[in-house]
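Multiple structures follow.
Same chain, two partners: chain A is paired with chain B first, then with chain C.
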Partner chain A sequence: MRGFLISRLAHALPAAWVILSVIFLLSRGLTNQPTEADGSLAGNLAVHVTTPTQNRLAEYALRKRRGLDLPLFYVSSRATPASGGVAWRWRWNGVHNQYHVWLCGLLRGDLGRSFRDNQPVTTLVSRALTCTLPLTIGAFITIAGAGWGLTLLLAHYRSIRPVVVTALHFLQTLPLFVVALLLLLLLANPDFLDWFPAYGLARPENSTTGLYQLLSSLYHSVLPLFSLVLVSLPSFVVQWHNALQQELKADYILTARAKGVRPSLVIRRHALRNALLPAITYLTDLLPALVAGAVVVELIFALPGMGRLIAESAAARDFPVVLSGVVLIALVRLLAQILADWLYYQADPRIKLEA
Partner chain B sequence: MRRPETRRLWQRWLAILWLMALVAAGTSATMLPLPAPDAPDLRAITQPPLTPSHWLGTDLAGRDILAGLIFGARTTLLTSVPAALSAALLGTFLGSMAGYWGNSRLRVPAVVTGWLVILGAGASCISLPTPELVWWLGLAVLGGLALWLATRNKYAATWPVPVDKLVLLLIAFLTAIPRLILVLALAAVQEPSQLALLIVLTLTYWPVTAQIARATMQRIRHLSYIEAAYTLGLPNWRIIIGHALPSIWNSIKVTLPLGVAALIGIETTLSFLGVGLPPQTASWGRILATARLDPTAWWLIVFPSTCIVFTMLALRQITFSSQQE
Partner chain C sequence: MKQLLFGFLVVMSSVLGACSSPQQKSASPIRIRWERDPENLDPLILPNENALEAANLLYSSLLFVDPSKQQFTPCLAEALPSVQLKDSLTLLTYRIRREAVWDNGKPVLAQDVAFTLKVMNCPGLPIESNQSQWGFIKDIQLDAQDPRRFTLICAGRSPEYKWSSGDYIILPEYPLDPQGQLRPFSLASLRADTAGDRHTPAIKAFVTRYKQAQLDHHPERLPGCGPYVLEAWEPGRYLTFKRKPTWWADALRSEFLPLQAYPQKLDYQIIPDVATAVLALRRGDIDVYPMMPAREFQHLRQDSTNQPALSFYTADSYKMITACFNTKQAIVRDKLTRQALSLLFDVPALIEATQLGMAYPSAGLISPKLGPLYNDSLPLPAYNPTAATALLRQAGWQRQPSGGWSRRSTDGQVQKLALTLSYRTTDPAFETIALQLRTAGSKLGIPVQPQPLESSVFWDRLRSGTVDMYLFTITGNPFVYNFAPILHTQSIGSGNYTGFGTAASDQLIEAIAAEEQPRRQAQLLRRLQRILHEEKPLTVLFFLRSRLAASSRLTNLQVSGLRPGYSATAIQTKSAPVQ
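The block that comes next holds the complex of A and B.
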């Protein structure tokens, strides 16, 4: 088990490192171009009341504070005009470069400071996580539970199958933001059914009890949760259902039926466990997908969570925040994959744990 | 109650009809007598449908919804379909290369690699200032020596290129992060433009096709007709293009509509979030985004959602009916 974990990490961590490095270098490399810096930085300064020299000084100070005055990478190349064309000159920059500083900070758990309001990124991220984690974990548990129930229902009652499967196929085609908007239009509309709040979190009030606050925050997260579940549940149920139907054709099911096991027990004890493997794959893909789905849901329902933080900082080119969001999601993905392999082993001990 | 076959046929024709209408609307968008999709009509703000001169109503800024939908169809046709096609091409190329060459079948003469390294080192030496020149020169000499030793050995005269491993590694990198987040991070880096979005979508979607192409190639590589072509002494590129690609293309073709559907989903989501496409480009997602400002304007949600849902359902229907044939 420990050997398996170590070898998995040894494979997955370099992959995560490379993709993060590529995104870091791309984002910094493209924003370091002078025109880009002029456009984004000059907007923050009062351009028309200062002299150009003051502007340049202020810009330099800003770049220095953000650490953008250092060279980007260990090696930099510069095109210099030479006789008959352009010569590339390579320069070794040593460890005083943005990439090295960023990587060392990452290893220490320091994600840098936001470009927008200069707050530490770790504060921003942890504040956002307190909103996102309950939502995603709740959605995950609901999807797993409802998927289990629905698959069993479909296996038991043949007559509802065509209707439910058609409905699931229909739901599967809808993008998440359409589902969320339709839910808003139907259930949080003052002109139609005004059952749920359209946006926001529960307001913390001192006079109320803890239980009331819990209920209130649950009430506020019904629609976001429901839209996440509605989008992810159909493909899960369809996959699990198909796997279950395949398993029910196997010989050991015939044996179980022949020796007189009750039909419900045949499904639950015999077939369901063997049909579990595709379900595990799906559930582990679901965790990062839920984080991505949270981007849309949090924007629509105005929740101050991780997805909204990533989307807004991507739009504002606040790269330290975007990068740390990506780091976090890549880590979740990594853990989910390792968890999946372990769960495979638990579900089917014939599978060998190997990287 | 109709027989299932008739119903399926009917559904299929309905799907084809909808897609053809979409293509017709998209291609003729500039010729139709419509207001420009980003031109506000300030006398008619937030009008419900069926008002004169605005059949499907207007949004908060007075932009015509019908024009937005038709120009949005044009944007979808010009972004999602080319992106799906180019992703399919790139994925087929890389996937079939990985499947055909495997990890050891493609061998490059070590001499070629050696000359490339020496040439590169020499070129960089010329452009370097003097003190580092000595250092680089030493490195180049050492590398050349090592290569010369390697090429002298008979067994190392050619080096295997692990094509399969390289492609799988690339796929692993790209799938380490959910596609929406990756596209969001990449789209934020560059200026929003249709071409940039197309490139980003292609670069993030090709692994899906590549995995199918790789699996198919691995399956058919050991079939007797490929072996026969190999034994006849046909060059590799003729085996790949003339013998393997037709059957790979058969399995890719089926998944193409689903790819278009997935990319339409990403494109509309990105426009909804306000990333990727320039702000004046009409898109179904952008109309839906304006609906957030006025939740009671049901027509801002219903019409674009209907377009998206019908398109997705039609593409799925075509996929399934071609799978059943």
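The block that comes next holds the complex of A and C.
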């Protein structure tokens, strides 16, 4: 097992490094313009009129402060006109380049500072995760638990199968933003059912107890959590249910039944375990989303989570934050793949763990 | 079973409903919707309009815009500065009000203004934007007799100096530089020595102290002389400002809005999604929804169930949507083609479709509401495909049997009339405009390809000049008429993305900016509008009306066309004044 883990990590880490390097070079290579130049104040005929030279100087100073004036990579190329076409001239930039600075910072655990608000990226990411993780983990547990219950229910009660499966297929077709808005308009609407808050998180109040805070937080999380659950649960149940139905047709199930084992025991002890593989794939695929957040839900319910952080940073070209988000998600994805392999082995020992 | 489930939900709802902040309502703050977080409240940075609004609650400037009068009014200063022209310099003399004090009771002095200007030029701090905006202030002379009086020495001459020289936040010297370490340095020396923070110990110490204060997220560490203090800030969620028990301007009982502050608490709630924000307003979770999209505004206004609880306001703004041409592109290099294409915009229909009627057309960059400055002899933009066809023919375009248009350029190349219309994806109105032009173009055989672009890509394309036509929002103001940033040849590539400009137009733009006589300036402005009307580097499609919906319990919102569209500090409740 240890060998398997070491070997997988040894393969995964270089892959992660290549992915991140490509993302770094692509994102910064596309543009080097500072974010202020693209900000909401652009297009204003301001009272303070600046000359183009002043603007260019300010832009250069800003780029310098952010380290964007350095060459992008160790080598750079420039096209120069030559007889019969264009000649590429290569130049060695040494270690004074953006990639080297970023990589050294990454190895030291320093993810840099946000261009937008000058906060350390680790602070921003950890703050966003404190909002995202309770929601996504809650949704993950609910999906796993409800999926298990619903799959068993469908296996036990054939009569409800057509209705439930049709409903699940219908839910599966709904995009997340539709589900979130529907929940909002149905359950947080003064014209219909005004049961839940429309947005935000519970505000910390000094005068209240911890239990009150917890209840209040749960109350505020109901709609975003259900949005995530309603979008992911149907496909999970449908896949698991289909796998279970295949298993229930197998010979060993017939043998078990012939031996007089109760149908519920046949399902739980024999068939369900063997039908676990698609469920494992589905659930481990959800793991990166735990840290990536759900940008749609976070926007609609005004939650300052990871999805919103990464989306807003990408729009504002806040490279340090975007790259840190990608680093985190890529690492969790690689770990999720390793975990999936291990869980496959646990569910079906016939599967061999190979590095 | 059903009744049981319903009963359970009702009980849970009422139990949990009781958890939802009962104290908020009793404290009765004014709750305002913001679309985004201010992100950074460092007085040297203030990256967006929400940050500017927040900073104006915490700090004060020498001058401030009074939205009700739509002009600069004195805030910390006693009066507008007296102007003296000397050689190539402009000398502006201010005197700070006797009543203006910091939170510790010490008076705001000229020394604080000098300190602020030095901070705005201190190497090692994020001063890029400040240096470019207020770089014209070369020095400050303190009056030896009167510690509240000072003179700003500005390079060159410009009427706008009178206002812009006083439109920045004044910082207190006592908490940031208690030992006066920056005093020995002149503005010029700080500006010249860009590495001063590395080799001059006093500057280095100051920079370290400034950075350690982390004003970007802890503005409460720097006591400003504005009416509010920051009580709470959860990034991405909310900001709460609390009124100071005593603010120096209270004693003035001034009629000027910037010197009034009524709400005891201002609570800005960050709700990015429009649908959620509308729901929050209807539920009473927020009180003020500024800059509401037209569709939602109209829908709410027409729904009679909202009438008693909500009030609706509109004001003519200075924000306009324009269709601009990249005059460097061969097919739109000549003015006749640009004029022809401008005639394909059906402006009244676009106003109805995108703004539901809450906008107004204009013949040029000046709002028709500005009276004599607006050239009313020019026709409003009109949809006229027949005239467009005639103009295209005059421009040398010939209709081809295939239905398209082509012409031979001076170098013998065949040009085909087909263009892309680029716009940012942020505003759905742009898409409607692009589709309308595409439809109108296709009727005449002109292929117009709408090109929605992500914001940063859009700006890159503008800078690199790789667009044919683009839709652009320009925000004007009623104080300064300087169009150099968007129309002067020196700004080509860095604001003037149309590439338009001639020696005559440059001269006229400069003359308008330098003209101090209102009557003469109006004449020049009317001339510029005529030139732009003929040359058509851009077409103003319409000016927007700013829209605001608010709880009916509020009054005195001072809704205006200037950003942010209301005056938070002026808001009062109808039942009883908050203060």
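Definition applied: the second predicted complex is superposed on the first by the 319 of 355 C-alpha atoms of A that agree within 3 Å, B and C clash if a C-alpha of one lies under 4 Å from a C-alpha of the other, contacts with A are read in each partner's own complex, and residues count from 1 in each chain.
We take it that a contact is a pair of C-beta atoms (placed from the backbone, for glycine too) under 8 Å apart; a residue touches a chain by one contact, two chains touch by 3 or more.
Small disclaimer: the values here were computed from a predicted structure and weren't measured.
Trainee: As a test of reading the superposition: which chain, chain B or chain C, is in touch with more residues of chain A?
Mentor: Counting residues of chain A touched by each partner, the higher count goes to C.
Trainee: After lining up the shared chain so the two structures overlap, which partner does A:Q54 touch, if you call chain B first and chain C second: first, second, both or neither?
Mentor: The answer is second: A:Q54 touches chain C but not chain B.
Trainee: Could you say whether A:R65 touches chain B, chain C, both of them, or neither, answering first, second, both or neither?
Mentor: It touches chain C, and chain B stays clear.
Trainee: Considering only the touch criterion stated at the top, classify A:A188 as touching first (chain B), second (chain C), both, or neither.
Mentor: After superposing on A, A:A188 lies in contact with both chain B and chain C.
Trainee: Tell me which partner A:Y212 touches in the superposition: chain B (first), chain C (second), both or neither.
Mentor: second
Trainee: Tell me which partner A:A16 touches in the superposition: chain B (first), chain C (second), both or neither.
Mentor: A:A16 sits against chain B, while chain C stays out of touch.
Trainee: Going by the contact rule set out at the top, does A:D348 touch chain B (first), chain C (second), both, or neither?
Mentor: Neither partner.
Trainee: Does chain B (first) or chain C (second) touch A:V322, or do both, or does neither?
Mentor: The answer is first: A:V322 touches chain B but not chain C.
Trainee: Who does A:L299 touch here: chain B (first), chain C (second), both, or neither?
Mentor: Touch status of A:L299: both partners.
Trainee: Where on chain A do the contacts from chain B and from chain C line up?
Mentor: Residues common to the chain A contacts of chain C and of chain B are 31, 181, 184-185, 188-191, 198, 299-300, 315, 317, listed in rising order.
Trainee: Where on chain B is chain A touching in the complex?
Mentor: Within the complex, chain B contacts chain A at residues 124, 126-129, 132, 169, 172-174, 176-182, 184-190, 261, 265, 268-269, 272-275, 285, 288, 291-292, 295-296, 298, 301-302, 305, 308-309, 312-313, 316.
Trainee: Applying the document's contact rule, which stretches of chain A touch chain C when the two form their complex?
Mentor: 31, 33, 35-52, 54-59, 61-62, 65, 116-119, 127, 181, 184-185, 188-191, 194-203, 205, 207, 212, 215-216, 218-219, 299-304, 308-309, 312, 315-317
Trainee: Which part of chain C faces chain A closely enough to touch in the complex?
Mentor: 9, 13, 16-17, 19-21, 23-24, 36-37, 39-40, 42, 45, 47-49, 126, 128-129, 131-135, 158, 160, 163-164, 167, 216-217, 234-238, 269-273, 275-276, 279-280, 282-283, 285, 305, 454-456, 459-460, 463, 472-477, 479-480, 482-486, 488, 490-491, 493-495, 513
Trainee: Which of the residues in chain A end up touching chain B in this complex?
Mentor: 15-16, 18-19, 22-23, 26-27, 30-31, 82, 87-90, 92, 169-170, 173-178, 181-182, 184-185, 188-191, 198, 288-289, 291-293, 295-296, 299-300, 310-311, 314-315, 317, 322-323, 325-326, 329-330, 333-334
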